[in-house]
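Next come two complexes built around chain A: one with chain B, the other with chain C.
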Partner chain A sequence: MLSQWLFYGFATLAVVGALGLILSRHPMNGAMCFVITLISQAGLYALLSASLLFALQLIVYAGAIMSLILFIIMFLNIQPADLPQETGRWGFLIGGSLAVVPIGLLLLKIVRSLPAGETTIIGNGFGHVKSVGLVLFRDWLLPFEIVSILLLVALVGAIVLAGKKETIQ
Partner chain B sequence: MSPLDYLLVALRVAFGAFVPLCFVAVLVWMERRGAAFFQDRAGPNRCNIFGFRAAGLIQNLSDAVKLVFKEDIVPGHIPHKFYFILAPVLVFVTALISFSVIPFADTLVLGENSYVMQAIPLDIGILWFLACAGFSVYGIILAGWSSHNKYGILGGLRAAAQVISYEIPMGLALVSLLVVYGTVNLNEIARFQGQLLFGMIPAWGVILQPLGVILFIVAAFAETNRTPFDLAEGESEIVAGYHVEYSSMKFALFFMGEYVAMFVSSAIIITLFFGGYQIPWLATETLVAYAKPVALVLLVLLPVANYFFTGWIRRNNTSHYYRPNDPRVREANIYIRCFWILTGIVEIILLGLLLADTAPETIRIFVALLQMATFLLKTVAMCFVYVWVRWTLPRFRYDQLQKLGWQTMLPLSLVNIFVTSAVVVALS
Partner chain C sequence: MTSDLVFLLPLVTVTIGAILLMLLSAFEKIRIEVSSALAMGIFAVAFLIQLVPVGPDDVRPFVSLFNGILLVSDFTRIASLIIIACGFFTAMSSISYFRQNSFATLEFFSLMTFAVSGMILLTMAQELITVFIALETVSLSIYVLVGCNRRSVLSTEAILKYLILGAFAGAFFTMGAALVYAGVGSTGFAAITDAIAMGGLLQNPALAGGLLFILFALFFKVTVFPFHAWVVDVYDGAPIPVTGFMATALKTSIFAVLANVLLLADDIRGTWVDMLFYLTVFTLFAGNLIAIGQNSLKRMLAASGIVHTGYLLIALIAVSGDSFSGSVILYYLAAYAASTLGIFASLSYLSGNDEKRRDFDDFKGLAKVRPYSAAVIAIFLLSMAGIPPTAGFMGKLYIIVTAFQAGQTALAVLGIVSSILSMWYYLRLIIAMYFHESEDAFEVSSSRSAPYCAFILAACVLAMGLYPVAI
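On to the complex of A and B.
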């Protein structure tokens, strides 16, 4: 019962945050709204008893990535005068949402046609650090390693690029 | 849920919420008296209530009264007032909730039920701490940005860049530690450290991960924005950094948030590297088995320790010049009486434990209380290290800070991971 109300709360907050991201004019407001969305998504993961995903969502997305974005917004120090004049903003919004309506209806239909099933908690330790780690390193070792090498290449590349500028100067 | 369950939930949450708050007062006092000690002066010792100065603790009370009654200013030039007010709240709350996963005693077994002694029984442990550390950056960024002040922006930039870049060595130092412990659950980590190496040395993180300790402590200092990494509020350069525009209780929230963060990161360092709540050589089961001998030793040692402590009070709490009917001697006598009464109460409890036919639950609770005391004692000792470093080392220059983070600590922590993994694989 409580988890159902929590689900409604988090889902509403996620949608409100996403709307705020699109509708707010100042980038800082948009970024903070997005943070709300990310945190409520973490709450949704926690309701699905995926505790590792909950922690990673908070650490990586809500914690690291969004704080970097906030950092950039602060760095640029955007004044109201710097923001572009958006004339006909509401017209675009209404037109855009009208264009999206068919897709929304399709999604609704898909959700409606899903077979109704009892939701139960799967197994003991589902979504915990240990079980996710075992799945990653037993069944999906190669894809996991490829993705980590991709990230490592990006990291090394960023450091090399940052270092190059210094030597030129 | 039985009434006992509710009571234990309330007690654990109260411990998690109020202990860091109470220790703010203790730490501020420790910082001031510590600073005075290192600089060879007396420190705050004049504030009193009816002549009682409590070694300077009353100064905190007067500071709190001052901060509460100061005018609460929101400067007119600030366009985003909501973020301006949100920022100190975020800094304080994230520091406080990160304490909630730290175990302050081993799992309490009462009959058939067992209770995890953390404010929130989360099993992701250290990951929760990392998440909260990430969120504390928001408070700093928002404070610096919404203040609309050159110094504020500079302080916010410095603090945010520093916290973000030191999160990496901190996380990597943690990785090598987790390889050793094989778990992220802080309670399991603390229980691991109750074992003995070669049958004689406690298997604390500080012995298993000597390099990791140094890396983690340095990164933790940077995360809490404390000297030698407090460029964010470098008074000599940028006045007070990101909290330059704040006054009254909003400033007090930043101030308290700093000390709560210091307490929490000390508690984390203790839990990860110095055995947490474990008393060296006495793991929980050993303690339970030998509760009565331990109680007897305490029964004997406590009056002796109190005798020396009260003697120290009597020697030091006097006026430094002749005063008829020295009021400080009168004050000291009252303190000494209070300490003896306290000791007496503890002695009676210990005696009761020794003489009465005790149930296993009583022994368990006694062990849990002992472990809580050990945990708090270790944490306060670690907090003293924070104070010690702050008043000993000068501030880093900003480029030196970033260089240390990226060019020294990052490679060292990577090497540490490789060496640790190799050793763990070789031994297993």
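On to the complex of A and C.
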């Protein structure tokens, strides 16, 4: 019963954080709202007994990545005067949300069709480093390896787009 | 075990080549000609390896190690042949382009090779998470290639639009994969087929909804009607060789995935055949309408790419799932790739410094000054318009005949109507080239690699028109 309430609490917080990210005008407020979403997601992982994922979510996403984002926002030193004038913002928001209503209804129907489950603590080291590592290297070896190519591409791309502007003749 | 490596050798060659090119781009002494030649060499080797006929038809290399995630069949082999050839010709023609546009970096060729390796993986992947990672590898490299001219505002606009909308499509794909997992308990294609065979698609709403989201994400990448809005601006802003590469290699790989997903079970196509029908019709005519209104060549070619997507969708709806060899789709993709790459190679050669010749009017009287270039461009345009004896005509013929045989008469007729409409904008360039006096001296790039590339492709377009395919 408690886990059910915890689930609703975390889920609501995650959605509220995401709404705040979209609706807040200053990027810093948006980033802080995003932290709420990331932390409540970590809570959801904990409810699913995914302890490694819970720790990674807190350390990597809510910790490292968010501090980088905050660092960049502070680095840019955005003043209220620098923000663009968003006229007709509410019109776009309402129009956009009306446009995604059918997708939302479809998703509701799908979620209703899923079998109900009770969140219980799974034993046997489920979600620990060892079991996750075994699954990763036994069942998911190929995707795990090709992620390294994806990261390499992202690295090279970042250098091409943001590096010093000099050209080769 | 070791013999399994043979099936993956083209992929391995291209990936190692990409890493090699990446390492080489750290050296300042290397010129872009060297890098381009190396990339061409890598693609040529991979192409030759892929051509070698090996073993039985459908093989799952390293089945115990990779859990059957990869599947090599004749379909994936030919699709990757087309993709590798697109990479080869793009690397070849970009030299001419970079002589006139001075923003070349060595990483350009490395990223393009990475994109090709992701695309080959995309054709072989039989599992949604692997498809997603390969798709993102391809997308990330192409985002950077689109924006690699950092001094151009158009290019920056293009990369921003493509990045944000592409991320949106990627999110849709992930949500779809999550829903499929919720419905089936696995993301493998084999498990999805089994689940559909057990109770039908609509008995499992999570699976049906998930597949629908995945289809939408793929439709975004190949610019099917409601998801086509980004393509004109992005193709316009990207450097010419990159536009050609996107229009051909990317489309081939995504269509391979679409065919893999749609043909998992007959039920998938059967359930959504009405939706696919209307999407196809709107794609054909929206593309034609947009293309007719354009004055810039690149924008016209982007919009005509939407129309060609429509033809490929007709083929996807019409091919029979039981004896799927994909020959009609692959033939059309190869014919379209040869003509499109040829046009973009010619533009790389002729567009002048900083792409100053952009519009139809800028090419007035080209035939008087550069008769060979004009003739080659005319061949490509006739092939895209579907006029015999070119490969484009045969491709359209096969698609329309397949549609008739499958009972999709309405689609076949609409395909012919759209083909007639498309003459308007293809012939417009031919008229501009041949029936006007030239006002321009048409000075060209100092490198002749792009014209050679265009002549080879023109020969391919004519030769492929003579090569019959079993429908």
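Points worth noting:
By definition in this document, the second predicted complex is superposed on the first by the 140 of 169 C-alpha atoms of A that agree within 3 Å, B and C clash if a C-alpha of one lies under 4 Å from a C-alpha of the other, contacts with A are read in each partner's own complex, and residues count from 1 in each chain.
Here, a residue touches a chain if its C-beta (ideal position, glycine included) is under 8 Å from a C-beta of that chain, and two chains touch if they have at least 3 such contacts.
Nothing here was measured: the structure is a model prediction, and the numbers come from that model.
Once chain A of one complex is fitted onto chain A of the other, the partner contacts of A:Ala116 are absent, as it touches neither chain B nor chain C. Of the two partner chains, neither chain B nor chain C is touched by A:Val101. Touch criterion met: A:Trp140 reaches chain C, while chain B stays clear of it. In the superposed model, A:Ile149 makes contact with chain C only, not with chain B. By the touch criterion defined above, A:Gly157 lies against chain C but remains apart from chain B after alignment on the C-alpha atoms of chain A. Once the two complexes are laid over each other on the shared chain, residue contacts for A:Val35 go to chain B alone; chain C is not touched. Applying the stated contact rule after C-alpha superposition, one finds that A:Met1 touches neither chain B nor chain C. Put simply, chain A uses no single residue to touch chain B in one complex and chain C in the other. Taken in their complex, chain A has these residues touching chain C: 106-107, 109-110, 113-114, 139-143, 146-147, 149-150, 152-154, 156-157, 159-161, 165, 167-169. Residue ranges of chain B in contact with chain A, taken from their complex: 79-80, 83, 122-124, 127-128, 130-131, 133-135, 137-138, 141-142, 144-145, 153, 156-157, 160-161, 164, 167, 184. Residues 15, 19, 22, 28, 31-32, 65-67, 69-70, 102-108, 110-111, 114, 117-118, 121, 127, 129-130, 133-134, 136-137, 140-141, 143-144, 147-148, 150-151, 159, 179, 182-183, 204-206, 209-210, 212 of chain C are the ones touching chain A in the complex. Listing the residues of chain A that touch chain B in their complex gives 26, 28, 32, 35, 51-52, 54-56, 58-59, 62-64, 67-68, 70-71, 73-75, 77, 80, 128-129.
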